[in-house]
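What follows is chain A paired twice: with chain B in the first complex and chain C in the second.
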Partner chain A sequence: MSSPDRSWPLWEVFTQGKDGEPHQHAGSVHATDAEHALQNARDTYARRNEGVSLWVVPSAAITASTPEDMGPFFDPANDKAYRHPQFYKVPKGVKVF
Partner chain B sequence: MSSLPLFSALLRLADDRLVLGHRTSEWCGHGPILEEDIALANLALDQIGQANHLLTYAATVEKASRDEDALAYFRDAIEYRNALLCELPNGDFGVTIVRQFLYGVYSVLQWDALSKSKDGTLAGIAAKSLKEARYHVRHAGEWVIRLGDGTDESHRRAQVAVDTLWPYTGELFMQPADEAELVADGITADVSLLELAWEVQVADVLRRATLTAPETAWMQRGGREGKHTEHLGHLLAEMQIVARSHPDAKW
Partner chain C sequence: MMQAPAVAEDPQRLEEFVARIARDESIEPKDWMPERYRKQLIRMMAQHAHSEVVGMLPEGNWITRAPSLRRKMILLAKVQDEGGHGLYIYCGAETLGVDRHDLVQELLDGKAKYSSIFNYPTLTWADMGAIGWLVDGAAIVNQTMLAKASYGPYARAMVRICKEENFHKRQGYEIMATLARGTRAQRAMAQESLNRWWWPSLMMFGPHDKDSPNSEELTRWGIKRKSNDELRQRFVNLTIAQVKAIGLTVPDADLTYDEASGDWKTGPIDWDEFWRVVKGNGPCNKERLAARQKAHDDGAWVREAALVYADKQAGRSTEAA
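Showing the complex of A and B:
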């Protein structure tokens, strides 16, 4: 019989570099609960001035696509260049877009 | 040793952080999990950094042509002014965390008071350190609650830690006589005035952790006068060996 898994749950960590920027995945930490995860995330991923905000999410709460999904999910995009906006002319006067 | 009251006051502040910071750094590579190992190393760096600022300023005040490194590495135990609480061995993770918490609450109150100092340099060091100390209390306090209100084993160890460390907390609030003028001038803070707030904050976390403070009135003392436990000599031997073996080395 195998011994029960006694390691702490895994949490995914997202850091925000500056106000207004999106939170981006930084990595993961082990922690007993949300507050503990936030502290571990701070110590592991935000101790070198990396950000202004942190999110932690239980890894178990993430539903991910599988390698088998790769074909049906992503291949159909290959030959549909018209979904990119490069065929539009940018009107004169537009400097930032 | 200089008789300047401000120099002595800065040494008391610095030596607490330097010695406790060194103790905390002993966990590097030995933490219970990777995340906590990093967290403890962060705390140690904060504490040693605070000591660095304070000793640099102390060296300026002393005007005796020795710098912060000389103050850290070339004073013997009898010249150190840290509270005994800071030099005690780490013990298990419970003792380490409970000490970080008991000292951390004190440190926040002290930095908060010193951030209003009329001495601009000290007020600046205090304002920066206050942010760090607040995080230390949050980190340690959350752990105290989890250990105390955790398993039978973690509760037992956390309670032993509280009982072991408690008699060393009184020294933190003994106001040195040579600081009276500095306090009157608004340069330093009277630590005896911090005790009530400390008791309230510590009691709140201990209650949530289902831990109890021992009913002991007798308190250990001596560190502030240079009368240390045997542990400080061993700590300094390790901390000072490289600097003393290569006195003029630069790195």
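Showing the complex of A and C:
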């Protein structure tokens, strides 16, 4: 059943550099299960204290937007300049707002 | 030298892609890309990853004979880093739709290339110094350029690698500097090692631009940003000062300083030797592949056991549910 040459599944690795920072994508590792993936992620992406916390996620479990979506998918954000503070003029007399 | 694409690309998509490269945009895995771009990247990244992995062998040779515990710990950490570098780049290559397993198989079958520098033997402890200083030093010059490559996953792997290579270069230079100020025999050992590694290190940048079959295309795709000769010159200029600082000399009677350009001009490189080693007839080509094959075979039971264990655990959790 198990051939030694069967590829181990792929996992995406996210590292949190310091306490309080967000987890960021670091790369991927091959591993047979979640615990194995965490150990491989530590050896591959955290040999120099690059992480105080690691997440591993099966690559197949990630759903991503596609490049073709870029226009229409993000459209709703394009025409709402009033969501940004620069949209509003502050009267001249106000120095600190 | 342009090779005809295997498939005809949609001219409009190709034009948009070329425009993205011209705007220095980062190309990401799911983006449309021409087949030639994908093929060249897979070839180059696989070759790069293989170089990291095979690069563990010449240094691994000295771990058990390191002259002190400090040096042994450093060398172990460096060799482990090289394995890690291989993994970063294989994982980057996999984003292009290939499987690491297949890439490794191509290496073992002798179908894929790796950097020729690793086909030279490590005869003395000073070679650990020369490799860290010169080979990793040359790699840093090349990889600093590749950190700006147009393919995002490759560029990001290079940023990570460059940070780590600096430790590799420092520890190597420290070994050489220590030997160079040691006894007469130690000093001779350092010089002899530099003599052997100098020219192969210059060859690491590849043939002259006019003789480099892939350079034009890699440059056009924004993967390479500088030519082989430019990178080689940068390495020579950086290294000569370091050679002088520890009182050694490079084995090149024709070396001259060119005031006008500020460049150190080397004598001619023996390209016959370069091609001989690339084509498989270097001092250690067969030994390196045999060692890699043995490590792969010796690890087969571990890979199999891990899979069987995972299957068993998965079975158990379904039963429990």
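For this structure, a couple of remarks:
Here is the rule we go by: the second predicted complex is superposed on the first by the 75 of 97 C-alpha atoms of A that agree within 3 Å, B and C clash if a C-alpha of one lies under 4 Å from a C-alpha of the other, contacts with A are read in each partner's own complex, and residues count from 1 in each chain.
Simple rule for what comes next: contacts are C-beta pairs under 8 Å (C-beta built on N, C-alpha and C of every residue); 3 or more make two chains touch, one makes a residue touch a chain.
Bear in mind that the values here come from a model prediction, so they are computed numbers and not experimental data.
Using the contact criterion defined above for the overlaid structures, shared-chain residue A:47 touches chain B and also reaches chain C. Legend: residue contacts after superposition of the two complexes on their common chain; A:39 is shown touching chain B, with no touch to chain C. Legend: residue contacts after superposition of the two complexes on their common chain; A:64 is shown touching chain C, with no touch to chain B. Of the two partner chains placed by superposition, chain B and chain C are both touched by A:30. Residues 8, 29-30, 32, 36, 43-44, 47 of chain A touch chain B in one complex and chain C in the other. Listing the residues of chain A that touch chain B in their complex gives 8, 29-32, 35-36, 39-40, 42-44, 47.
Chain C makes touch with chain A in their complex at residues 28, 30-32, 77, 80-81, 84, 87-88, 91-92, 94, 99-101, 156-157, 160, 164, 300-301, 303-304, 306-311, 313-314.
Partner chain C is touched in their complex by these residues of chain A: 1-8, 10, 27-30, 32-33, 36, 43-44, 47-48, 64, 66-67. The residues of chain B lying in touch with chain A in their complex are 33-36, 38-39, 42, 135, 138-139, 142, 146.
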